[in-house]
Amino acid sequence: MPTHLGQNQYGKAETRVVRVVRDGATHHLKDLNVSVALSGDMDEVHYSGSNANVLPTDTTKNTVFAFAKEHGIESPEAFAVHLARHFVTGQEPIKRARIRVEQYGWERIGGPGHSFVRTGQETRTTEVTFDGERWQVISGLKDLVVLNSTDSEFWGYVKDPYTTLKEAYDRILATEVTARWRFAWTGDEQPVPAWEASYEEVRGHLLAAFAQTYSLSLQQTLYAMGSRVVEGCDGIDEVRLSLPNKHHFLVDLQPFGLKNDNEVYFAADRPYGLIEGTVLRDGAEAAIPVTD
Amino acid sequence: MPTHLGQNQYGKAETRVVRVVRDGATHHLKDLNVSVALSGDMDEVHYSGSNANVLPTDTTKNTVFAFAKEHGIESPEAFAVHLARHFVTGQEPIKRARIRVEQYGWERIGGPGHSFVRTGQETRTTEVTFDGERWQVISGLKDLVVLNSTDSEFWGYVKDPYTTLKEAYDRILATEVTARWRFAWTGDEQPVPAWEASYEEVRGHLLAAFAQTYSLSLQQTLYAMGSRVVEGCDGIDEVRLSLPNKHHFLVDLQPFGLKNDNEVYFAADRPYGLIEGTVLRDGAEAAIPVTD
Amino acid sequence: MPTHLGQNQYGKAETRVVRVVRDGATHHLKDLNVSVALSGDMDEVHYSGSNANVLPTDTTKNTVFAFAKEHGIESPEAFAVHLARHFVTGQEPIKRARIRVEQYGWERIGGPGHSFVRTGQETRTTEVTFDGERWQVISGLKDLVVLNSTDSEFWGYVKDPYTTLKEAYDRILATEVTARWRFAWTGDEQPVPAWEASYEEVRGHLLAAFAQTYSLSLQQTLYAMGSRVVEGCDGIDEVRLSLPNKHHFLVDLQPFGLKNDNEVYFAADRPYGLIEGTVLRDGAEAAIPVTD
Amino acid sequence: MPTHLGQNQYGKAETRVVRVVRDGATHHLKDLNVSVALSGDMDEVHYSGSNANVLPTDTTKNTVFAFAKEHGIESPEAFAVHLARHFVTGQEPIKRARIRVEQYGWERIGGPGHSFVRTGQETRTTEVTFDGERWQVISGLKDLVVLNSTDSEFWGYVKDPYTTLKEAYDRILATEVTARWRFAWTGDEQPVPAWEASYEEVRGHLLAAFAQTYSLSLQQTLYAMGSRVVEGCDGIDEVRLSLPNKHHFLVDLQPFGLKNDNEVYFAADRPYGLIEGTVLRDGAEAAIPVTD
């Protein structure tokens, strides 16, 4: 046979589990989307169709629901750690588990009780990988849309024969933040990070750095955001940001006898600039994959 | 010719205009998506292709941008009123204009300044129609996702040979609210409603009614929400709600030796129940179209 | 009580049913998305939450699956007729049923057998409404994207102070067709239309009229498409078309010393022109709702 | 400074270019979505905001349009090769270019002419990377939905305490194929692959292998599809497939007194199994990134 199997993985994607905790009349809610990917001794199922080593994806889905009851959901990270450990230690052929979780935010309608409204803002994410010995936790967020209506310039760039862009000394800077940050934590012998607190901390750093950076390019803003997180959070060694430049073009109102003093913009969809980069703590090695 | 033209309309859809107002170092932001639909004496363009009566859709787009400068954007309703009046009074062949606006919410990062984050929650909507004499304003919101983790039952329903559903005495009730409310205001001689204040008021009533209604069916919750708005807002005569029942199914954990005491749910996508209805002030005539 | 209930309806939306018919080794496939909306004596469930008149939406879903077995799926229209008749005649409180169906196309891989690939092109639609006496069938299609790379002009239009558009004597005309056509058939005593054949026929007329019309405006093309259907199909009295103008802008290549002789275009997303209209057989009354 | 910059890239994403070639009255159409990502000596723009090494993303967009005129679009691969070579050889600070292209299919309405309808089926993709010396071309397709209505089983799998799935001896197997295949071609001194012909060839192999494999697991089908491509195409050394298991669940019709002999299925959305894997020619090293 002139071909062979390379990297492979399988599991149930996008199991939508909602966990309610009733503390008297006050309810607490966790709303997750969980995707499981397992790999290990899986050659035979590919070559011959023998499922002797295959735990069904239906079972991985069931396990998500059962674990929501058995372990509760303290945080997406803690929940994913439970799942990853279970699959790798519970099934001999499974050598590696990667659990991805999206968490949707809810806030209360009128004080403590049982009524909630989706926050609708960013989605919190995590990806926990375990190979039986070593943990890798990359948490993050996506869909967080931010905008500065001034304090952004863009000039002094390379001009080649295809360059027609005018330099800008006061422009809108807007982006939809996708961020992933890797925790230094890798082993059960180390103290477990405070997952919930760290999320709020990182989110705060990202917003503050975006707002407070006088920007000469979106790359500069990206580095400011990433380095603020690493410098502000001891347990985080690496941040990767993907920042689409959501262009807001100043509309030419001159044909109508009007002056547009940075007041009226057209918000464009496509094409868009896309700026991506990794910020590392000195001494740390990059491990967040370049996926885009 | 054995055929003829019926209802028709045309215009530019989804012009994305962002308006910045600079109050010293404090900036204010309005972010709209504007769709224009015009109708009138348009037979010829359909029958022969003569554009003699056709104001280009490109021009309606330009007008949106120019009016953002000339009139500012106080509220989506006020902005749409400016546009509708302009098209109907400015072009003889145009007899009717319908302006639809979506408004996206932004909140400040840190205190007053120039940095914003998209709220991400509901989208505010309005539809203003003008025929040269009479105004119709139907404002609304969409994408507002709400959930009660208790105080919802469903039983006592019809059982036919295809009925297998078990009665429920404590279930999650969740929906994604689409609401449209019609203002009594129809003429320039009447006092103009306080568009901005009314939006916050209606939104508050919808959330409160959802949270406070002990629900025996989603229809009951729908009526409670709609009647609360009409009763609470003098200037509003009619509300139409479209409430998809975002099913949360209790997961059967018995096969795993676990009890599920209303704790672990599967959030389903499709199919979903869809409950729609209109609530009217006594004496008012229905005018919000049944579009779904 | 100062408010009362207006128009209302309910049912299960988006039940995804796939029906396989095995003709020996040759299989046949129907792939539908079915949405049921029922109305009738439903005041009480809104006012008090009494479900005594309510057939659960879960039951309407079950009925879709059961009828796929009991009646088979000859066409989306015939299947919807079965469902609508059942709900209206089977439950006293239900006075009206509206069944919407989307059908996804599949073609065979290789010859006859059991392997299929989704066509991916347009989605076929139908909406069947029954009030116990009279039928209304509005069939259609959506997502059919078509383009003429020439034989399209746009000039001679109104110029107002906000007009900057240049006249065009050779442009790309592209649109994504949404079409709905109403059958003259309204009663069981009349011969039932040939649903399957009529779909292919209408689709053919729409494509041919789009391709063969030398267009001076998208409105002209719209009328040509609609009238071709009504003139070509005896059983169809009304057609409504919604045609977004998918703008393809000629790119200015002069800054790079290049001539763009109608060769290189930028395909824009938003904003877009939106042209909508109804074409009627003389003597017919309009009944397709204006939903957009 | 305790942090530093890691991997980074930037460019204009999703430039939508349509290229028309007029061969008398017969027109030819190419419809692409092009995304450019550049990297190189870009530290300063991140650290200080100096754009001295930055070719604006607006320029990369202009280049796409200009090259569509200058070089034409023979195939997405050839077009991407032109672009990648230009950026890496034309700008000293740029050390690496990655060009991604999506191509949308059109077929003719009627015979030769200027009228087209979008095929709507799969989207063709390519990703061309160049570092000044070595080329890497990974072409592919996505959104190709296929279904076998029989010849699929699933049994003999691991049962753990969370396993409730029933074994299946005749089920529907459906998936939405995402495939990426890597060409052996890496250098200008080697003969350039026949990009257009190879696409049709690979697509044919994928469909044939899917249809002809009697499947005991989706993994087996994946391997059959991948190995068929590598064995059938000399110039391709590696294939990676991502196959979501689009579950079709047999509906239980027993409560309604009906037998469901593999006739009526519920097509589910989420969760779904996700099977991913790489197939390699013996002796080849894996290079297609594991992105999912």
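To keep things simple, chains are lettered A, B, C and D as they appear, and every chain counts its residues starting from 1.
Everything that follows uses one rule, which is that a contact is a pair of C-beta atoms (placed from the backbone, for glycine too) under 8 Å apart; a residue touches a chain by one contact, two chains touch by 3 or more.
Not measured: the values here are computed from a predicted model.
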| item | value |
| --- | --- |
| Centroid-based (C-alpha) most distant chain relative to chain A | C |
| Chain D against chain A, contact positions shared by both copies (same if over half, else different) | same |
| Result of counting contacting C-beta pairs for B-C and A-B, higher pair | B-C |
| Whole-Å separation of chain centres (CA-atom averages), chain A against chain C | 38 |
| Rounded Å distance, chain B centre to chain C centre (Cα mean) | 23 |
| Whole-Å separation of chain centres (CA-atom averages), chain A against chain B | 31 |
| Where chain D touches two or more other chains, by residue | 15-16, 62, 66, 162, 164, 255-256, 269-270 |
| Residues of chain C that touch chain B when the two form their complex | 1-16, 35, 37, 42, 45-59, 61-63, 66, 90-91, 93, 154-158, 160, 162-165, 215-217, 219-220, 222-223, 226-227, 230-231, 238, 240, 244-245, 270-282, 286, 289-291 |
| Touching residues (chain side chain A, partner chain B) in the complex | 15-22, 27, 29, 31, 62, 65-66, 68-70, 106, 109-110, 113-122, 143-151, 172, 207-208, 210-211, 248, 251, 253, 255-256, 258, 260, 262-269 |
| Residue ranges of chain D in contact with chain B within the complex | 161-162, 164, 255-256, 269-270 |
